Structure formats: C-alpha cells, structure tokens
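Pasting the structures here.
Both of the next two complexes hold chain A, though its partner changes from chain B to chain C.
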Partner chain A sequence: MAPVVKVEGLRVTARDGRGQQNVIVNDVSFEVNSGEIIALIGESGSGKTTIALSLMGYARSGTRIAGGKVTFDRREILSLTQRELSSLRGRDIAYVPQSAAASFNPAKPLLKQVIESSQIHRVMAPAEARAKAVSLFRELGLPNPELLGTRFPHQVSGGQLQRLLAAMALVTDPKLIIFDEPTTALDVTTQIEVLRVFKKAIKERGRTAVYVSHDLAVVAQMADRIIVLRDGAIQEVNATQYILTAPKSDYTRTLLAAAEPQARAVTRQASGTAAASVIEVKNIVAGYGARDREGFPAVPILRDVSLAIRPGTTLGVIGESGSGKSTLARVIAGLLPAARGEVQLNGVALPKSAAARTRDQLRRIQIVFQMADTALNPARPIGRILGRPLEFYHGLRGARRARRVAELLEMVRLPATMAERYPGELSGGQKQRINLARALAAEPSLILCDEVTSALDTVVGAAILDLLVELQRELGIAYLFISHDLSTVKAICDEVMILYAGQIMEHGTRGALCQRPLHPYSELLISSVPELRQGWLEGISETVLKEASGGIVRRAGAACSFFERCSLRIPGRCDVEPTPLRRFSKGADIRCQRTETELIELAAQRDANEISGRPEISEPRDFGPGRGAQLIAW
Partner chain B sequence: MAMLTLGFVSMAVFAGTEILPGDVAEAVLGQNATPEAVAGLRHALHLDYPAHIRYFLWLIGIFSGDAGRSLANNLPVTELIASRLPNSLMLASVTAVVSVPIALTLGISSAIWRGSFFDRAASFLTMSVVAMPEFLIATLAVIIFAVNLRWFPALSYAAGMVSINQFFNQFALPVFTLSCVLIALMMRMTRAAVIDTLRSPYIEMAVLKGARPIRLVLTHALPNAIGPIANAVALSLSYLLGGTVVVEIVFGYPGLARLLVDAVSNRDMPVVQACVMIVCSAYLFLVILADIAGVLSNPRLRYR
Partner chain C sequence: MIAAQKAPASARRRLRLPLAGIIGAGIVAFWVLMAIIGPYIAPHDVGALIDNDLFGRMRWGLPLGSDYLGRDVLSRILVGTRYSIGVAAAATFLAILMGGTLGMLAAVSRSAVDMVLSRFFDMLISIPSKMSALVVIAALGSSIPVLIATVAVIYTPGAFRIWRALSVNVNALDFVEVARARGEGTAYLIREEILPNILGPVLTDFGLRFVFAILLLSSLSFLGLGIQPPNADWGSLVRENINGLADGALAVVMPSFAIATLTIGINLVIDNLPGRWSSTGER
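Moving on, here comes the complex of A and B:
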C-alpha cells in the first residue's frame, strides 16, 4: 500500500533580520504509512513544526518552502494553488496546534468553531455536523457535551480546549491529523487524560497521524515510529522501542540522557540547620478582590502558607497551574501585599508592599521570570539592562559599572562583548542568563525563580539549572524555585513544598519526597509524570486517572482543598474539619487527616489492588517497602 | 467619571480664557474707549470679581440650568446655542452617514487584499488626503464644483430646506470636504485594527482549517477588531462638532464651531464654556458608545 504521506528532499528557508536566507529544514525525507502515528521530535529550532506545517503546504510568514516534494494521497502538495490547498486543509489534513487558548477565536462560541471546517468544505449539513461534534465531545470525555458548544473559549479550561481542538480536527474525518505539541502547555495531571483520549480516538479510527513534540516520554506513549530531528536535518528514524532502547545516533543518546532526571544540587549536610533563615514566611494569606471585615480577600489564592529558606539552599515549590506558586513569589517580593501574615528577611519583618520597602530590602530579594523575552526591554542593549540595577543599588557609574557588567556576564558564562548586543539578537537560553545576571547585579540574598526553565528546551534548561547550582555554591544565594515540573525541582532543590489550591500539602527534604508515606496529592503528581517507556500511558491505574481528571476546586475555610479529588478522603471529616499539618517520621510535614500508619497501609492496599486488577502489566512495579527505590527514579 | 472630565475641562477652559490678554469689555468697546467706560462695563458684567468667584458663579448657574448670557451681546447663551446646534448636528450626522460605511468598507477590503494593487492605491490616496490641509480641500472643492462646474452653490446657509434637491445642494460640498479627511483617518485605523488581529494564532488555525481570505477577515478577524474600530470611529466623529471651523468659514455655514471661535476672540466666557461643554459631552458620549460596542463584541467581557 502506498504511504499516506511521502516527503522527499524537503527544504525550507527563512529570511533573517538582514534579509539573508537561512536554511531551517534541509533535505528531509520520510514516509508516513496508513494507520501509523509518527513522531517528529527535537528541540526548538529543529524544524519539527516547520516540517509538519509543510505537509499542509503552509509556511509561516518569513519562511518559504524552497524545494523538495510532499506527496499526500497521491497529490503533489507543493504544486497546488492556494485555492486547492484551502480545499485540502481542514478536510483531508487536520491540524491540532500547541496553544489551545490562543488557537480559538475568543469572539465565537465553541461549537461554531469546532464544526467550521465541515461547513467551509460543505462535507455535511450544519445539523449533522453539530450532532457529530456533540458525539465527539462525548467520546473525548468532555463534560456537558450538549451545552459545551454554546460556551466561549475563555469559559473552558485548558485541558478541555485541547480536547475541543481534537474534536475540531476529527469532525471532517481527515485522512491525516497533525498534532503539534498538543499537551506541552498542560499540567501533568491534565496531560494524562488528554493523551489517553487522543490515542484512543486515533487508534479506534485507524487514522494516520504526525505527532510533533520535544518530550521523549510523551512521544514514547503515542508514536509507532520516531523521527529525531536536529537543526532541520534528520538524525535518526526508527520504531519507538528501538529509539528508546537502542539509539543509533549520538544526538538521540543525548536527548535520552537529558530526559533522565539527575540530581544537580550538592547535598549539604546538617551543618546548615543551625544557620538562621534568610527568608521566613509566616502564615501568609493573600488573594485578589475585595477584603471582608477580617481582611480576608474575596478570592483567596494562598491560605496559611509558611516557609523558611536558609542561606545557600533551595526550596522548590511545585503544584498545578492555579495552585498559587507565582502568587507566593509575588507576595515575598511585595508585588502583591499579603492580607495576613508576615515575611521576614534575616529576622526583620518586611513591609508588605514593595513600595514601602527600603532600597536595601528590595536589593536583597530579586525575581527571575519565566518569559525571558518579555522581561527584557528590546530597545536597550544588554550593557544598559545590567547597568541599571548597578546604578540603582550600588551607585556604580562609568568605567566601574562597565567592569561590573563584564563580571556579571562572566558569571553567567557569557562573553563580555554581549554587552553591546540587543535582546532580540540573543537565543532563549542566553536571554534567561541575562535575566539571571540582572538579578545578580543587585547582589541579592534570595532569588525567586518563577518557572525559569519552563520555556526552554530540555538541554538548554539543564544548562541553566547547572549554572544556578554553581552560582549558589560560589555566592551562597538562596533560591525559591517555582516549577510545575517535578524532575526539575527534584534536580536542584534541597527542600520541596507541594502546593495545592494555595495550601501546603507536603513540605520536606528532597529525600523525603522519594519515600512513602506521601500525601495523596504528592502521590498523584509523581505518578502523573510520563515515564520513558512504552505502555506507561495504558498502565495508569484507575485511581490516578480519576484523581487526575478533577480540576482545582477552591474551598473556603481550613478544610482540605484536595477533598474533591482525593481517593483516600473521609467524607464528613476531611471536608469539614481543619486539616492538621503533621510532622512525619521521614522528615516531612504533611497536611492530611490520615495518620502516618494509615497512609502507609492505604498505599500498600491500593498498589495490591492494582496488581491483582491488571495482571497484563508486563513490568509490575516493585511495591511495598521497595517502592521508595522506585520513586527515586522519577 | 464623565462628570469629572467635564468639570476638569470647564476649569481648563476658564483658566485658558483668563490667561488670554484683554477681556470682553475691551473687545466690545474697541480701541478708542475711555478707561472709565471699560471699568464701568467690567463692573456691570461682574468682571471685577476675582476669577475663582466668577468660575463658581458660572458653575452654580450651570447646575441651576442657566448657562448665563453672552457678555458680548447680552443674548441668553441657550438661545445662541439653540440657533447653531441643530445646524452642526445636521452637518455632523449627514457626514457620519456618508463617511462611516465608506471608510469601513474601504478599510476592511484593504485588509482582505493587503499588499495588492487596490490596497496600495487606497493607502496612497488616503495618505495624500490626510496630508492635505482641510482648507485646501474645501477651496479646491469650491473652485471645481461651484465655480467651474457650477454644480453646487459655494455657500450653504442651512436655512429653509424644502426639497431633497435643495438639501443635497446645500450639503454636498461641506460634507464632501469633511468626509475626505474622516474617511481617510477611519479607513487607515480600521485597516490597522483588522490586520493586527490577523496576526493572531487563531487566524493561522482558521487558515489551516481551509478558510479563504474573505472568510478569515469577515468571520474571524472582524469580530475581534470591533472594539478598536469603534474607538477609531468615535474619535473621528467627535471631531465633527467642534473641529469644523475651516469648513464652516469657507462655506459660510452657521455652526457651533464658528460660534466658538467668535466667542473666543471676544473673550465671551459663558459662550465659550457652553460650546466646549457640548463638544466635550458629545465626545464622551461617543466614546462611551464605542466602549459599549467593544464590550458587546467581546464575550470575555460579556460573560464573566
């Protein structure tokens, strides 16, 4: 049987700022067979999205398909007219983009957008299309399938929008579906469900799909075959199992190594315990909206959060989006004054609002944001961006300032000549280094790192993490490291705090998070991270699936926020009584009504049920006391 | 908020007329008046009170529904305004009815076929019109259509409109002149707003669903551009009440703008204040309308 897609010698060029043509995809050839899911994997700049879009004969503005041949369904795509391409797109080839929130038109109801392609191509009557969309909503596990279509994009969660995009792609029964990083923007817990419905929908229909991703563990769940790309050229093509177990190219091996978590932080021994905390946060309550009579905000984001960080150590804060991680950083920095509670710097209480803090207090706490791009003024050269805090905090001018800028660039491992360049000329990783240097310019005691590596590729992000660790060793800075990614937090943090709906669920040393008993929510987060082996997605237990599918529900009062999703809940107690934060013997504080022994027993029971219920699992995990060793591998 | 704006503007206008050299007494009595006569008139008009007292007197008057009397000819301000406002409103609405549809159509079609010959031609034409001073357009219009072709009268008094024919005759040239500038402005802003939304990811998504350019602009970009377009239209139209001095003078049209200019040169504070208040309220009204249009077109603001 002829392949559905055949790409031969594809070449795509892009015009850079000086008007020169750079080759971004060079001589790429591959085939996609009918009923196959093929993955394009690589870092940003590897050309994976560009290749996927050329399958639809589409080149983003500034890029041009310069040569090669793309055959789809016996038609030569690159020689079709715009009109012919339009009649193909959305009918025979459908596209599922990365950012669901941005890909829906904010002004139109969802159903209209989902069935739009069927109406453009007139493949079915509107009523028929609507009925089909509703049945797809039901199949994709969307809530309220009949009424969902009347809602607008902003009224629906990210995971639901991503599934709606899949419905949009499937409504015309296309021969080929292109998924472009469809779960990258989602939380791990949401990702599980989306991946499962995607895979089921494709496999049941026997559809052909191209799956673009940078995440090897996700691709391992989805693809039959993997194409590894780098700098616009193919490094390796092979069946998924061989890529994972017997990679041939060096680059594939590098990718596999980067996907394996590794500890970067130097383990500091008990010597630090005596040292006074650089920052101490006590019983913070913060949120948005009007305050009631007791000063409680209408939308509480943080509820009674306390923490302390010693000099030269890192506290990781982890949780799903909406858990209040960034709000915590904003409260400490004084950008959002807390409604209640106190932030102490070296034992002295700080004014709640940044405006009321002294210049020296401001200097000691610095933030580095996720979006390296938007945090740098594009109209200022790097030298001036770094010179500004030097002047503001230290009064440095002229040659001394220039010398210090050079030193800062040296610290973040960038050449001193970088000072004359503009942010637009830098790569994402370089920009994040500049942001770090800008924070270091103040000579802070604490840096709040808000998802600093989330927007970066694995390899680039890993280098930034290494840099952070080195700087900490040299300068003794403390970090508050916010992330949604467990393995990142695991790699560099001494202590980890798990936040859910603004409540601390578990707070302990990094080692303690690898041992049971765990808070049910910690357990969920850990089992939601995709593992680098085939069959992980299918082997997820029902309990995890059920817990993962619930969204964050904010509750008032001191009862447990995780109640709605928890599989170990005690109705009548967990949702009514204030949940105690208990010290467990493994060295962690856990907020749960269940005692230490109860949690250990219940976890063992649950694992036993899973094994008996799923004899088909090929590699049964080692449970019971040995589970600790298993967990360390995440 | 709107009331606050009006209050602030009235203070600014009052301060402005205070700073101008001379006052109504000198302006009315002329250069040969004796100091005694000027002083007498000042006293009669309460001009010898301190400025803030006069401002508050005026403010109290306005709140009790009395805009005062013109200092120059002692006619009630309301009467002066009543004779001019309908003319101005008429000119403004006819111009709006003509220019808004043309501007939106041109702007949207330029956005659909951006980069095409049509778009370039429209861009070139509108740029030239915006760059041309209004009095030049007005004068050229008079020379071509009134003097050479004799299609329309050069002056329009806006009085005694009986037939459609007369109506058309009266308004053709002033409306043409005003529309030229307005269409150019609104068209460029509409085009920019639509093209701006065309850069959104959901437009790329629509392209990949197989949508053709016309559909992209009309059903995907336009609904999201209504907010900025409505604001552009409101800003342009608000110019039609107070900013038409040139046209009113060239065509001898008795509108609000001329009244305002005359009052300023006479230092006739109550008339200036009343005119400015009307222009300012009209502007605020239009901006509020635009904001409402923006909210109605945006589901994120409509349904929380």
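Moving on, here comes the complex of A and C:
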C-alpha cells in the first residue's frame, strides 16, 4: 500500500533581512504510512513547522519551497494550483495549530467555526455537520456537547479550545491531520486530557497524523515513529521505542539527556538553617480590582502566602497557570503593592510599592521575566541595557562601566562584542542570558526568576539552568524560581512551594517533595508530568484524570481551594472550615484537613486500587502499593 | 555551546532610503530651501503690480504667469513658502510637544493622572476645531503667533491620543516593568524606554498632522483669517485667485500644486524611513 505522504528531497529557503536566500530545510525525505502517527521533533529553528506546512503546499511569507517532491494521496502537492490546494486544505489535510486562543474568531459561536470547513468544501449538509460536530464534542470529552457550540471562544478554557480545534480538524474526516505543538501552551494537568482524546480520536478512526513538537516526553506518548530534526536536516528516523532506548545519532542523545531530569542544585551543608533569611514574606494578601473597606482586593490572587529564602539558596514555586506565581514575584518586587502582609529584606520591612523603596533596597531584589523578547528594550544596544543598572545603582560611567559590561557578558558566557548588538539580533537563549546579566549588574541578594526557561528549547533552557546554578555557587545569590515545570524546579531548587489558587498547598525541602505523604494537589502535579517512556499516557489512573480535568476554581474564605478537584475531600469540612497548614514529619508544611497518617493510608489504598484495576500495566509504578511513605522517582 | 553563541557578524545599520524615500526627501529639501531663500531669489516684489493682464499666461519674465491683480505668481509662491511651512511646522511641533509629552506621561503614570489628562483632552477634542479657530482669531486678530498657537492647540488632543495609545502598548511590555522595578523615574521611563520604541508610528503621525496643519492654515487663509495681505501663504494664494479656476489659471493651479507636492513629499519620506524609524517598526 502506498504511503499517504511521501516527501522527497524537500528544500525550503527563506529570505533574510538583506535579501539573501538561506536554506532552512535541506534535502528532507520521509514517508508517512496510512494509520500512522509520525512525529517531527526538534528545537525551534529546526524546520519542523516549515516541513509540516509544506505537506499542505504552504510556505510562510518570506519562505519558498525551492525544490523536492511532496506526494499526498498520489497527488503531486507542489505542482497543484492555488485553487486545487484550497480544495485539499481543510478537507483532506487538516491543521491543528499551537495557539487555540488565537485560532478562533472571538466574534462567532464555536459550532459555526467548527463546521466551517465542511461548509466551505460542501462535503455535507449543515444539519449533518452540526450533528457530527456534537458527536465529536462528546467523543473529545467536552462538557455539555449539545450546548457547547452556542458558546463563544472566551467562554471556554484553553484545554477545551484546543480540543475544539481538533474537532474542527476532524469534522471533514481528513486523510491527514497535522498537529503543530497542540499542547505546548497548556498546563501539564490539562495536557493529559488533551493528549488522551487526541490519541484516541486518531487511533479509533485509523487516521494518519503528523505531530510536531519539541517535547520528547509528549511525543513518546503520541507517535509511532519519530523524525529528529536539526537545522532543517533529518538527524534520525526510527520507531519511537528505538529512539527512546537506542538512539543512533549524537543529537538525539543530547535531546534525551536534556529531557531527562537531573539534579543541578549545589549540595549544601545543613548549617544553612541557622543563617538569617535574605527575604521573608509574611501573610501576603494581594490581588487586582477595587479594594473593599478593609483593603481587601475584589479579585484576590494571593491569599495568606508566607515564605523565607536563605542566602544562596533557591525556593521553587510551582502551580498551574492562574495559581498566582507571577503575582507573588510582582508583590516582592513592589510592582504590585500587597493589600496585606509584609515583605522583609534582611529583617527590615520593605515599603509595599517599588516607588517608595530606597535605591539600595531595590538593588537587592532583581527580577527576570519569562519572555526574553519583551524584557529587553529593542531600541537600545546591549551595552546600554546592561550599563544602565551599573550607572543607576553603582554610579559607574565611561570606561569603568564598559569594562564591567564586558565582565557581565563574560559571566553569562557571551562574547564582549555583544555589547554593540541590538536585542533583535540575538537568539532567545542569548536574550535570556542578557536578562540575567542585567539582573546581575545590580549585584542583588535575590533574583526573582519568573519562568525563565519556559519559552526556551530544552537544550537551551538546560544551559540557562546550569548557568543559574554556577552563578549561585560563585556569587551566593538567592533565587525565587517560578515555574510550571516540575522537572525544572526539581533540578535547581532547595525548597519547593506548591501554590494553588493563591494558597500554599505544600512547602518543604526538595527531598520532602519526593516523599509520601504528599498533598493531593502535589500528587496530581507529580503524576501529570509526562514520563519519557511509551505507555505512560495510557497508564494514568482514573483519579488523576478526574482531578486533572477540573480547572482552578477560586473560593472565597479560608477553606481549601482545591476542594472541587480533590479526590480525598471531606464534604462539609474541607469546603467550610479554614484549612490548617500542618507541619508533617517529613519536613514539609501541608495545607489539608487530612492528617499525616490519613494521607499515607489513603495514598496506599489508591495505589492498591489502581494496580488491581489495571493488571495490564507491566512496568511497576515507582511507588508501589502499600509501601506508604517512600521515594517517588521524580 | 560556543558555536551557538557566535551569531553572524552584525550587519551594520546603514541609513538607506528606498527610491521613493529619496524622491520625497528631495521634494521636502527643495521646499525647505525655498522657505529659507525664497524672498531673496524672488524675481519681483510680492506686492508689485507688474502685468497688465489679469491671470496672465506664462512668458519670459513671468514664468508662472500673473495673478488676479497682475502680480508675479512665482514670487508670491516663493515668499509664501515661508509662511506655509513655517507656521504649519511650528504649530505641529508645538502640538506634538504638548500632546506627545502629556500622552506619554499619562501612559506611564496610569490611574489618576491618566484619567485627568484623558478627560481633559476629550473635552478639548469635542469642540469643533475650525469653529474655535475662527472664534479665537476673530477675538485676538490674525497674527502669526496667534495662528501658530491656535493650530497647535487644535492638534494637541489628537496628538495626545495617538501618543498615549502607542505608549500604553509599550508600557505593558516587560522591559518597562524591569525599569520600574529598578526604581527608574517617570522622566527616564518616557525618554529611554517609551520614546525610542514609538518613534516610527509617531513620525508618521507628525507627517499627517503637519499636512492637516497646512490644510487648516490654507482653509483659514481661504476664509481671510490666515496670513494677511500683501503677504500670503499658499492657501491664501489659492483663495485670492479662485476666480481663475474656471480658466485653469496657473495662479490657482501652482499654489495648489505646491501644497500637494509638499504633503506628498513628506509622506513619501515618512513612509520609507528605515529601521526603527519606520512606520511599521523593525521588530
């Protein structure tokens, strides 16, 4: 049987700013067989999206398909006219883009948009299409399938939008579906559900799919075969199991190594417990919107959050989007004055707003943002961006300033010539290094790192983490490290705090988070991180699935905000009484009505049920049944 | 890692204008030069009646013919350049200076300051501009300072709105937040973080507003409230020779042509500015 797609010697070129043609995809050939899911994996700039788009005969503006042959369903894609391509796209080949929110028209109801392609191509009557869409909604596990179509894009969550995009793609029963990083923008908990329904929908229909991603662990769940790309050329093509277990190319090994979590944090002596905290946050309440008579904000984001960081250590803050992680950093930096509570720097209470703090207080706390692109002023050269804090805090000028800029660049492993460049000329990783250098220029005691590696490729992000750890060792800076990615936090943090809807759920040492008993939410987060092995997605327990599918619900008052999703909740108590923050013997604070022994027993029971209910799982879970408090491999 | 850090040699930023930009720059430079030297190279006195014909044809000695009183059109245009460009440029500059600065201030300060300034300019913008100009000039009499001030005040709210809208977008970006967390003052935020990043669109706005100012001045002159005789800016030249329109007299065509070339020239330059000066922005 002929393959559905056959790509031979594909070459794509792009014109750069000076009008020169650069080859971005060079001599790529592969086949996709019927009913197969093939993954294109690589870092940004590896040409994976470009290749995926060229399967539809599409080249993004500025790029050109310069050579090669793409055969789809016995038709020569690259020699088709625009009209022929239009009749193909959306009907025989469907595309699911990364950003669901940007892919829907906010002014039209969802159902109309989902069935749009079927109406353009006139493959079925409107009534039939609507019925089909509703059955797809049901199949994709969307809530309230009958009525969902009448809602508008802003009324549903990100994970639901992504599933609606898949419904849109599936409605015409295309022969090939291209998924372009469909879950990259989602939380891990949301990702599980989306991946599961995608896989089920494709496999049950026997569809052929191309799955583009940079995340090896996700790809391991989805793909039958993996194509590893780098700089527009194929490094390795093989079945998923072989890529994971017996990689042939060096580059694949690098990718695997970067995806494999490894501890980077410096092992420190326990003597640190006596050292005074560099920063102490006490009972912070902060939010947005109008304040009421007692100064309580209309939309509270942080509710009674306290923490302390000792010099030279790292506190990791994890949570889903909307948990208040970034708000915490903004409160500490004084960008969002807290409604209540206090931030202390070296034992001295700081004014709530940055404008009221002294220059020295400001100098000691620096912030590094997630989006390296927007964190650097594009109209100023690097030398000036780095020079400003030197001048502002240390009064350095002229040659001394230039020398210090060169030193800073050296510190973040960039050449000194970088000082003349503009941010637009730098890569994402380089920009993030400059961001870090700017924070270092102030010679701070604490750097607030807000998702600093989230927007970077795995390999580049790993290099940034290494740099952070090295700098900490050399300069003794404390970090508040915010991330939604457990493995990153695990890699560099001494202590970890888990936030949910602005409440601390668990706070303890890194080691304590590897031990049962865990807060039910911590348990959920840990089990939601995709593992680098096949079959992980299928092996997820029902409890986790149920918990993962709920979104953050903000509750007023001091009751537990995780109540709606929790599998261990006690109705009538958890949702009514204020939840105590208990000190557990493993050395962590956990906010839960359940006691330590209860949590241990319940976790053991849950594991036992799970195993008995799923005898097909051959690989033992890292935490087996009935063993109570023990190490979880993460 | 080392290899990844070495980006291709930085392309030197050359200020290269495309052809359309060069043409525009040529036209603008020509008129600016005329504004400076116009009165000295004008072949005749602006007020001198030298032709017996009214709306005389072009001939040797009167290259653009004569106007409705038999005065030399070329001389009158050359002398008028100064008034048209000078008053419009001064007024636009003032409008941008006031509106732009306050617009950026409103965006950076947010909350109360923004509220007060925005509502104030909303109020100003709700007054019909030509009517208020007529009232002001009727009350104070037409003189160049009054004209400049009036036109400047009329265009300030528009400039405020554009500058504020552009600044609000930049103000939301992380690098401004970083500067704020560093403890920078409002003046620094405006000068270093906001202004360089809105230059392109703001220059386009300047060009448009300059053109509007020329048109407003021309229409004021057309009503007889602009530059007073015997001097005349281009707008007044069009008005006073309007009777020649039916005959296609050069006396009315040429000043119109001057207004058209200047406005087109300015827009050509602004639309073709390179790099971060460009209206679309480089990013």
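To be clear about the criterion, the second predicted complex is superposed on the first by the 623 of 634 C-alpha atoms of A that agree within 3 Å, B and C clash if a C-alpha of one lies under 4 Å from a C-alpha of the other, contacts with A are read in each partner's own complex, and residues count from 1 in each chain.
Here is the rule we go by: a residue touches a chain if its C-beta (ideal position, glycine included) is under 8 Å from a C-beta of that chain, and two chains touch if they have at least 3 such contacts.
These numbers come from a predicted model, not from an experiment.
Aligning the shared chain A places chain B and chain C in steric conflict. Once the two complexes are laid over each other on the shared chain, residue contacts for A:Phe392 go to chain C alone; chain B is not touched.
Applying the stated contact rule after C-alpha superposition, one finds that A:Phe296 touches neither chain B nor chain C. By the touch criterion defined above, A:Tyr242 lies against neither chain B nor chain C after alignment on the C-alpha atoms of chain A. For chain A, the partner that touches more of its residues is C, with chain B and chain C as the two candidates.
In the overlay built on chain A, none of the stretches 133-141, 151-159, 169-177 or 187-195 of chain C clash with chain B except 133-141. In the superposition on chain A, no residue of chain A contacts both chain B and chain C.
Those residues of chain A that touch chain B in the shared complex are 53, 56, 58, 60, 83, 86-91, 94-95, 97, 99, 102-109, 116-117, 120-121, 152, 154-155, 168.
Those residues of chain A lying in contact with chain C across their complex are 17-18, 333-335, 354-355, 357, 359, 362, 365-367, 369, 371, 374-380, 388-389, 392-393, 413-415, 420-421, 424-427, 429-430, 438, 442, 460, 463.
Of all residues in chain B, those touching chain A in their complex are 200-202, 204-212, 215, 219-220, 223-224, 297-300, 303.
Residues 1, 4-7, 10-11, 173-175, 177-184, 192-193, 196-197, 199, 276, 282-283 of chain C are the ones touching chain A in the complex.
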